[in-house]
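Quick notes on the structure that follows.
Chain IDs A, B, C and D follow the sequence of writing; residue 1 opens each chain.
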Amino acid sequence: MFYREAGQFKASYQADQQIFPIRQDRVAVWALIVFFAAVVPVIADQYWLKAILIPVLIFSLAALGLNILTGYAGQLSLGSAAFMAVGAFGAYNFMLRIDGMPFLLALVMGGLCAAAVGVLFGLPSLRIKGFYLAVATLAAQFFIVWALVKFPWFSNYSSSGVISTQEISILGFVFDGPTSKYMLTLAVVVVLALAAKNMVRSSTGRAWMAVRDMDVAAEVIGIRPMRTKLIAFAVSSFYCGVAGALYAYTYLGTVEPEGFNLDLSFKILFMIIIGGTGSIMGSFLGAAFIVLLPILLDNFVPSLLGDLVSSSFVSNFQLIVFGGMIIFFLIVEPHGLARLWQIGKEKLRLWPFPH
Amino acid sequence: MADSRAQAAPGTELDTFPRLLMNHARVRPARPAMREKEYGIWQTYSWAQVAENVRAIACGLAELGFKRGDRLAVIGDNRPRLYWSVAACQCLGGIPVMLYQDAVAQEMAYVLQDAEIRFAVVEDQEQVDKMLEIRDEVPFLEHVIYDDERGMRHYTQTFIKGLDEVQEMGRIHDRNQSDFLDGEIAKGAGDDISVMLYTSGTTGKPKGVCQTHTAFISAARGGTEFDRLTDREDILSYLPMAWVGDHLFSFAQAMVAGFTINCPESGETVMTDLREIGPTYYFAPPRVFENLLTQVMIRMEDASWIKRTIFHKYLEVARRCGADILDGKPVSAGDRLQYWLGGLLVYGPLKNVLGMSRIRVAYTAGAAIGPDLFKFYRSIGVNLKQLYGQTETCAYVCLQPDGQIKLDSVGVPAPYVEVKLADNGEILVKGPMLLKAYYKRPDATAESLNAEGYFMTGDAGFFDEDGHLLIIDRAKDVGKLNDESMFAPNFIENKIKFFQFIKEAVVFGNQRDFVTAFINIDLEAVGNWAERKGMAYSGYTDLAGQDAVYELIRDCIEKVNADLASDARMSGSQIKRFLILHKELDADDGELTRTRKVRRNFIADRYAVLVDALYGGKPSCYIETQVKYEDGREGKISADLRIEDVKTFAPQAAKQAA
Amino acid sequence: MMTNDMAVADAGQQATGRRIGGVILDLQKISLSFGGVKALTDISFDVREHEIRAIIGPNGAGKSSMLNVINGVYHPQQGDIVFHGETRHEMDPHKAAKQGIARTFQNIALFKGMSVLDNIMTGRNLKMKTNLLQHALFWGAAQREEIEHRKKVEEVIDFLEIQSIRKTPVGRLPYGLQKRVELGRALAAEPSMLLLDEPMAGMNVEEKQDMSRFILDVNDQFGTTIVLIEHDMGVVMDISDRVVVLDYGKKIGDGTPEEVMANPDVIAAYLGTSH
Amino acid sequence: MQFFLEVLIGGLLSGVLYALVALGFVLIFKASGVFNFAQGAMVFFAALTFVGFQEVLPGWTGLEEGGSAVFWLAFALALVSMIILGILTEKIVLRPLVNQPHITLFMATIGLSYLIEGIAQGVWGANVRGLDLGIEDVPVEWLMESSNILVSKFDLVAAGIAGVLVASLALLFQYTKIGRALRAVADDHQAALSIGIPLQHIWVIVWGVAGFVALIAGMIWGARNGVQFALTYTALKALPVLILGGFTSVPGAIVGGLIIGASEKLAEVYVGPFVGGGIESWFPYVLALLFLLVRPEGLFGEKHIDRV
């Protein structure tokens, strides 16, 4: 309805290969970025920033990471949280042990640690596929959390592995309030999302999707499945690692290895299922959905039903809703909210026609 | 804008197309002159690039021995390099002759012989093969130059060359004799023949219409001034190059105004390409607009009821006030608000999907356009207008001015054109855009131009009180019924064809007691209608014979009768009997011209038994017809056709029925 | 245009078009079995440069297995493969691709989640040199490379006349077009040898004609050596230079189409089976 | 040596239980190609339902609390609940997803496990409950006396029950008509359909049997550790067993269970102390993973050839 594509022709391949080839989309995306970068910090209160926006952004990044692996490269992982943990503890140790370590570099190093571990646990994908591989990633999940607890060096010998993050300071500016932390998180997430989009639209991304869709054919046209999968593991884990570091530094401030448990991994998996596998935007939609749903349930179910329900009912209700949503989406719309968005957009582009 | 004004100054030296082209290359070298969708993007050629390429082709042709006054055949789809070849030919003082690219080899042979073609620039292997097929009949054909190399590697004949090669030769030639081409261009004069366009001719062999540079430049300049076209316009070139309209819009006007022409990727992507380009200036024959509207309506059938409701509600609003708003007439604020909302919800998106968002001026011509159809586009804000003209007048006689659109007229005489009516109602025109002569046909030239230098259009019409011209019919087709009342077959046929279910109609009545009609149903529209009703059918012939379809068509014809009854001059022409033909009228069978006009006399001869049955009062008639399929095979279609009577209205009863 | 860019290594070949050269692929006594079931037994045949070589035979004759041996998807238990003068016991798919062998599959093996354009772009992956970091930035070299390869791919699209579907997801295309896209993906790799596994299976007459024309054009314009499996004997007779006939994993005939059709073993095999 | 034997026997006994849970996976995988991650949730659901009925039945019926009548009635009701759960799962989750990639089905069962856990706790509450099967958790006397090895009577009995169950299921699978039908389905759905076996029936039977297995496993584990949310983790214990044994093999599940049970305990006792302990959580996985690299199809799995 709002699209006016007539006359938006492409006279060069650069123009044709833009991320948002339609002018109206570009305008909308810029408007969105400006809104979240300039308007939100002014109007949002502490609660919104701390409890909603920052976690949504961080989980979007983690979901993005998993989506690269699962949605694009077709390798299911149940260990995302563990890779987040590696990123968090990696960044923490770089900050701790190297004097004058710049925060952003520590973030990258944390991500790289996660990437390295990710490659290690991705090695079985050489031989195994599907849920065999998923089970292999469970090994990563359990092993990493165990290792972080059992080797106190990682947490600088604090009790049961709990770490408290250092102050974030970039070029002398200290990020201590929720607003500045939000801005930092937003910047990192936007940059990495852009990089992810660039990867998936280049030959790397095509190789991922080729291996996902038909690995024998991919191999025959000269794509090395092994290398491609390991790159996917590395990139995916890097994203999860950076997300984990942000989780520790800009969201919670204090984390313990057990916080990165299997439940968190499942949560991230749910984000991409509900948001949409194989879609960058789906990662954001899914993260927002999964973060916001419990808040909505917590706030609205009791107020709707009053004293009739106990708090345990609400938490069980959450489980039911999550489980139900997953099944619902897998059955009805396996490509998740992103596909629904896509369909809606197509409808708008074709409006008033139905097809 | 400023530039086009400058060119329009009288007495300027820009009196030939080559000079116009070189001027654009100087004045706006970097502006896009042409775009072609190729390899997935719109490959763009600036005026400077076009000029350079045209130079190369021209010099290459010269190197091959092309001389002043030689004719160059150009055959193919709308490809930049074919337009360049036309321009290159003009640079050398030659005469380009464009042929309809879908014609079979034998049809081409006549034109090639008539124009004594020595050089042909053709699009691809398919056209080269046609040239080879008729080579013996056109021994003077010396060079065949192809644009697309695909499949050409095994053609070893020395007279076949690639345009690349010719251009390369030309570039060397141009380097060695850099003043050669400028000299050739300087030799040109406005009064030289710039192009020869063959009229498709409803009767007899095609004739080559010779038009001078001055004629086409005047027509183009008049048109650009009339509609204030600038060098920022975009036009989609998709109609055959051999057709006068394409030459005027895509070549002459672009050369005069300096705007951009856009060539679609292929025939099947025209609609997508139209949508991508979103032209600001657009031409299409009525059937294109009609097909678009039919598709719009069919696609809307599947929409949810909410959408349909919104759609129809706002179309109603548009019908009420859209055209008036477009014409700048006073409209109430409430209607304006509603129309604005409609623009947001319906017209805007609709125009967007149709690729018409940016249209400033759109023209239609070539056949009469249905009033509902015409109104529809105007009401949603597409500035669709009609024009009137012939090949002999550079498709330029009358134009509808902005803000003064009448549905049944073709507008006022265009700038520089003088129009008057003969005693028998025939339209006579005079002006710089008139043909110089028919090629090698002084007899025909003399026949078409009268003593005072007026061109006799062969159309009958009259001026209304505002000076707008109305066309009734071909002057020679206008006949009389036995009761001496006027019989204007085209006029009636057009009224019938305005119904979306009817694709073609042929009426008979001259020297008869009453009027009868052959109908071709529109397979897509009727097919859809039948599907919605749950009717099964196996093809055109089967569908056309069904009772329900007959009923549907009879309703349409009754409406036409009611309409005719309301006009005193026409009430005698109401249709009494009709039948639905068992096959679609087809140009390949000679029933239509290449421009899809019905050849009434041919059809009357071919289906004489049916005509007799219509007048003989028979309830049905058996017919068997030879047909030619697309792949050249021949076959037979036979059917037992029903003939039905239609209600007619007494002139005074018309009001109640309508 | 296409001719210049798509030409294979041998530049001398393209100017004069098709000229059958020496043996470039020689399969010697190939035997292949799956868990004791013999798929191919002691098969030898060769393929000459620039020729169109057909493999025919009843269903289950081992034709697809043969192609899979040639480009290394299957590893034969016995026999040698001599490719470009180099003898080895088995091929490796990646190496085969690098050495200019491309192929299509019997049951279309397109990447369902990707557009036609992206599918064909994957055919260029081997030739792309930029790395992951450059891709992440999509700037400079990576973008230039992407565009350069897009141009090649557009030439393939143009060659196969599939412009109107370039951005359509392949899953939505009818069967015949999918086959064409798969051929496009193989062509994008500018192969010197093309293995086609039943390129015309399930097509109507018109589609078969188109596909035959494309295969001949590929062979003709780019000098590509073609090994194809085909059921339609008419097509095989029309387009192939030499034919090898397999039946129950054994070679029963080899020669020009005419020779093969006159071979009594071949006639027996074809009459004895229905397919 | 004596200590080693104690650990080994303890490990093998818990291994039998792993095998029991793994058997539930194998059954469902063989019949419907679904890797049922919700098996753990089913164990939890079953145990909780059993305990729940035990609690409420006396109030409803006036039967004696803790009596055998209540026990058996609760058992029957829990079994019926499991069968209903199985049927619903088949109808609501699996049937719409038929012909989807395995990985999609797998993810759906993760969702299913959340759903089942939520429902179980929503209905019966989230409190930890005890479950008394009437078997004492005391060392078996004759063993202690004869060889001085400490083996719990409870473990032995539980293992016995599980062993009997595993064995009878294996036999059922091998020798009855239903078993043959199941195998046919596992090999080829189309073929199974063509020989006239109603696929839906088979799926329902299989889910019913899987529910029964879950109930037994839940009761035994619940009696040992209390009926609580942690029962869902039994699924996580069974996964490495499956990888080791192969997804499609009944004997594989048994042998795999025993290997995992024994090696896990041995590793915990002999390797654990050197790395800080607690390696039970990941050791079976790493073991299974290493094994996978050597033999991707598992101990008893069938080698799969990629047809191109």
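A few comments on the model shown:
Heads up, the rule we're going with is that contacts are C-beta pairs under 8 Å (C-beta built on N, C-alpha and C of every residue); 3 or more make two chains touch, one makes a residue touch a chain.
Owing to the predicted nature of the structure, the values given are computational and were not obtained by experimental measurement.
Distance between Cα centroids is largest for the pairing of chain C with D. Here B-C and A-B were compared by C-beta pairs in contact; the pair with more is A-B. Averaged C-alpha coordinates put the centre of chain C at 49 Å from the centre of chain D.
Note: centroid distance chain B to chain D, computed from Cα atoms, is 77 Å.
Each chain gets one centre point, the mean of its Cα atoms, and the points for chain A and chain B are 57 Å apart. Of all residues in chain B, those that touch two or more other chains are 40. Multi-chain contact residues, meaning those touching two or more other chains, occur in chain C at positions 73, 105, 109, 150-151.
Within chain D, residues 308 each touch two or more of the remaining chains. Within the complex formed with chain A, the residues of chain B that make contact are 32, 35, 40-44, 234, 275-278, 296, 299-300, 302-304, 307, 310-311, 344-346, 348-358. Residues 76, 124, 126-128, 130-132, 134-136, 138-139, 142-143, 145-146, 149-151, 216, 262, 266, 269-270, 273, 312-313, 316-327, 330-331, 334 of chain A are the ones touching chain D in the complex. In the complex of the two chains, the chain C residues touching chain A come out as 71, 73, 93-94, 96-98, 102-103, 105, 109-114, 118, 121-126, 128, 130, 132, 135-138, 142-143, 146-147, 150-151, 185-186, 189.
Within the complex formed with chain A, the residues of chain D that make contact are 35, 92-93, 96-97, 100, 102-104, 106-108, 110-119, 121-122, 125-126, 236, 239-240, 242-243, 275-279, 281-282, 285-286, 288-289, 292-293, 296, 306, 308.
Chain contact summary for the complex, chain A toward chain C: residues 13-14, 17, 195-196, 198-199, 201-207, 209-210, 212-214, 216-224, 231, 235, 278.
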